[in-house]
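My structure is below; once you've seen it, I'll send some questions.
As written, the chains take the letters A, B, C, D, E, F, G and H, and residue 1 is the first residue of each chain.
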Amino acid sequence: MELTVYLAGQIHDDWRETAKKKAMEKELPIQFFEPMTNHDRSDHIGEEILGEQPNAIFKDEAASALNNLRTNVLMHKSDIVIALFGDQYKQWNAAMDVGAATALNKPLILVRPESLHHPAKEMANQAQVVVENLDQAMEAIAYIFQKK
Amino acid sequence: MELTVYLAGQIHDDWRETAKKKAMEKELPIQFFEPMTNHDRSDHIGEEILGEQPNAIFKDEAASALNNLRTNVLMHKSDIVIALFGDQYKQWNAAMDVGAATALNKPLILVRPESLHHPAKEMANQAQVVVENLDQAMEAIAYIFQKK
Amino acid sequence: MELTVYLAGQIHDDWRETAKKKAMEKELPIQFFEPMTNHDRSDHIGEEILGEQPNAIFKDEAASALNNLRTNVLMHKSDIVIALFGDQYKQWNAAMDVGAATALNKPLILVRPESLHHPAKEMANQAQVVVENLDQAMEAIAYIFQKK
Amino acid sequence: MELTVYLAGQIHDDWRETAKKKAMEKELPIQFFEPMTNHDRSDHIGEEILGEQPNAIFKDEAASALNNLRTNVLMHKSDIVIALFGDQYKQWNAAMDVGAATALNKPLILVRPESLHHPAKEMANQAQVVVENLDQAMEAIAYIFQKK
Amino acid sequence: MELTVYLAGQIHDDWRETAKKKAMEKELPIQFFEPMTNHDRSDHIGEEILGEQPNAIFKDEAASALNNLRTNVLMHKSDIVIALFGDQYKQWNAAMDVGAATALNKPLILVRPESLHHPAKEMANQAQVVVENLDQAMEAIAYIFQKK
Amino acid sequence: MELTVYLAGQIHDDWRETAKKKAMEKELPIQFFEPMTNHDRSDHIGEEILGEQPNAIFKDEAASALNNLRTNVLMHKSDIVIALFGDQYKQWNAAMDVGAATALNKPLILVRPESLHHPAKEMANQAQVVVENLDQAMEAIAYIFQKK
Amino acid sequence: MELTVYLAGQIHDDWRETAKKKAMEKELPIQFFEPMTNHDRSDHIGEEILGEQPNAIFKDEAASALNNLRTNVLMHKSDIVIALFGDQYKQWNAAMDVGAATALNKPLILVRPESLHHPAKEMANQAQVVVENLDQAMEAIAYIFQKK
Amino acid sequence: MELTVYLAGQIHDDWRETAKKKAMEKELPIQFFEPMTNHDRSDHIGEEILGEQPNAIFKDEAASALNNLRTNVLMHKSDIVIALFGDQYKQWNAAMDVGAATALNKPLILVRPESLHHPAKEMANQAQVVVENLDQAMEAIAYIFQKK
């Protein structure tokens, strides 16, 4: 058995590489999916493919059309969604992914620092598991594979 | 025909009353649903019903269990979801509602000031209609009822 | 028992009024839903509510966001969809409604002149009933209510 | 990861071969599905398998039963649907595919020349991405696979 | 609470009137739905509405399009399906209704004489309740309303 | 707005009457549904309707066919499920109702004495709200209706 | 691409072997599923596994529990269902399979001799394709794979 | 064809090893999934991953979050669920699995000693097959693969 895991959340640091390395260390048979993590490209992908847009709002709309295409296809293929929230940025797209994942009955692991427990409380309640770091998230998934 | 509309979003001001007043002025046959808008009570409802919790995290978990019970029941009964985002607060629960509504194929009207177009761009792309104020949101719903 | 019927199709003549009159003559307990049939308003509703758009494409996108909001809400509430196709115009939105209705398992009655049988053939095959005029469409629905 | 893509739309030129060649050039791991693109055979497949029919309408009904069998099976197996519209023909079956795909939550990429923006506007609004040519469509899919 | 019940099965005698009378005697708040029970009309409804057909097969196809329109709409509105099988006729449409009802998670009450237990055995296994007569079927539904 | 609530759980005492009285005291617009609470009748309903069965196992099968007919119809009509567990009996049917309700996305309120927290822990985790008594359960539902 | 096909229908002759041979001759990449075609074993499988039953009805119930387990698992795994009806036997289980398949949106190919067009007419109308023999059924499936 | 089977039920003895051995003896191509069967670890997994909890209830909640993550992921991937009940313990989580499996239309094989027929009667009625031992359960699954 192999599991597929979508890594939702902010794209401002390389937490996904950390997650993948930890999974590799544990030899977990996981295929990871993720959004475009090159922040700059993610912001410009609309104009890159569709050409110049009339203003910043339409540029954003074009970019998010492509980013959501990617998210929709990949989340649909995932057995589990991990969503990580950090101290900075609004991260509304990640919170939207949390809502979509739980509405689609995809088990969700929420990763957030303890300091964010209050603003993340409704997401925490919808999540199947809430953890504070990626070690715990990977241990949660490892548990699915373990025999004893 | 009557429509039911869930008013998702921040509970720090009385924007829902504005929305309802505008609907009443237009004589729209709408039944509105909403989260608990008494912020304080929303934060304490867990301990109010379930008793004192061991710490702030568990107090939040208890409160959000009740808040999500309310949201789940009411969103399920809604034909349309309006989600309003403002300048302050993280509003992750509202963004989660956006994700849930679109995953459940509930048509979503997103209300956000133009200044927030960048962080709200993926939500905007998932929404059926994006507006900047409640007048526009109510006009969008009024359009469903109009004959000419 | 009352049935709800969505009247999809072109908005260039008043065929929906004919359909409603025939239903009334037969005293059928039907509530009809329909798109905005004021063609001009349907084309300008985007700018009417959302303000001036950068060009004709964006104006169309804004208008169709509102028109689809209306269609999605009303089709969801319908027991049966009638889709009428005429000789003129591309009518792609009506054909899209046919696809959506059948994918959502809404029984579909297709109304098309015999002359259009070839381009409408795949829609005809997906429809539950194919007729050539509104009299037949209303007789088909009347049959659901009849006792002998 | 491999993606499956259904190529809906008119069958009067060889645009699907162009799409496949572009995907191959980009080395995208895509399996393409498509309707019968031999137009003549598509029109006669009903009588070819089921025998002579009473008249042209029944011949069309027989043909579309087979064509829709093919479409239903293949669209069900697809992760993404690309629908291309051109200047000629009514293309109602393709528009019906657009409606079915979006109702089934299959992400849709709409390809249409800018000149068709008005009649295609409701389809454009339902699509996840709207482009004007196949290069852009393939770049949109390529983006799902790219890491940076 | 009112329940809606679809009465599937053969239309060669007046068993539905018996069922309704028994329900009335028990004062059960049930709204009954049923196929066209005028056998002759049911066989000719296709030509009645759509005009003369090329041969007996096409006449049957036209009639069943209308009969299935009726069944689909009414079964969708039903809380419970009762399917009665008798000694005569093939009754394949009723057996098809049994399959559709159970696939749609509509609780099914199967009524069949003991003598038919062998050919009806797979249907019996899919049914929620199997009885031999309409008294038992109505007692089963009455039980849903009873308090003690 | 009225809510419908299914009261799952043991039928050995009159806890449902207590629940209803509390709801009435709070003037909550709730319609309650429940299994047959006459334990004896619930055990014999199979033979009462279907006649004597070959042995105790088949008698039980007959009874549970009728009891599950009732549960399936009523749970399908419910907005919320309350499941109460007590100290005695195996109560597997109530635990099965918990699994069905959560799989059907019906928000579940679990009522269990603190002493049972260990055997009920997986049910508690699936529930939307976990309480220890009926006062708390009714306060949780009342919260859905409250404005401040 | 490989397709999976469930072969529903009577088990009194070896029509399934004919179907498979024709598929093999056409080199179609199909995996076939089928019910137990050893009629005797199908009738006795209940008692074979569960032991002697009290009477013929309970023996049939036990057998059909196992036969339906098989059908449910295999139909769920099928892309297409072929249902063949012959002149003899009631074949209600096959008609039930037709209803289940179409309710589950599995494209259905109905095979019936022309002589049975009247009793099979409602099934024919629900089917995607209706043919008279297995050659035609296999040509219909072959068409899904053909390029020109 | 390979089938996936989830083994729900108590984890106090090694019945799952017995089941797997019997499947291997019959050379059935089955992939088995199961909960954590190390009872001690299953009880402590919450604190193992998430750290010490405030009291026994919260420790149980933490453990069941992880156990349900595992169950949800694995049951979703299963074609068939086998649920075994024994004489001891409340086994409410297994009964909840029965409810979830049947609500999700996963065919269920219930294994229970004859002595438990009364408390398990509603589960037995929802199950596709009811047996008394693992030999019978494996014969039931073997029957799906057998040709004659």
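For the reader, a short list of remarks on this structure follows.
Convention: contacts are C-beta pairs under 8 Å (C-beta built on N, C-alpha and C of every residue); 3 or more make two chains touch, one makes a residue touch a chain.
Keep in mind it's a predicted model, so treat the numbers as computed, not measured.
A rotation of 180° superposes the C-alpha trace of chain A on that of chain E, rounded to the nearest 5.
Of the two chain pairs considered here, F-G and A-H, the higher C-beta contact count falls to A-H.
The interface in C-E, F-H or F-G that matches E-F, meaning over half of the contact pairs are the same by residue number, belongs to C-E.
Centre to centre, using the average C-alpha position, chain D and chain G are separated by 31 Å. As a whole-number value, the distance joining the C-alpha centres of chain A and chain B reads 23 Å. Distance between chain centres (mean CA atoms), chain C to chain G: 37 Å.
Among all residues of chain E, those that touch two or more other chains are 65, 68, 105. Contacts from chain E toward chain C in the complex involve residues 31, 33, 36-38, 41, 45, 48-50, 65-66, 68-70, 72-74, 76-77.
The part of chain G that touches chain E in the complex is made up of residues 56-57, 60-61, 63-65, 67-68, 71, 85, 89-93, 95-104, 114, 117-126.
Per the touch definition, chain B reaches chain H in the complex via residues 54-55, 58. Interface of chain C with chain E (complex): residues 1, 3, 79-80, 105, 107, 109, 128-131, 136, 139-140, 143-144, 146-148.
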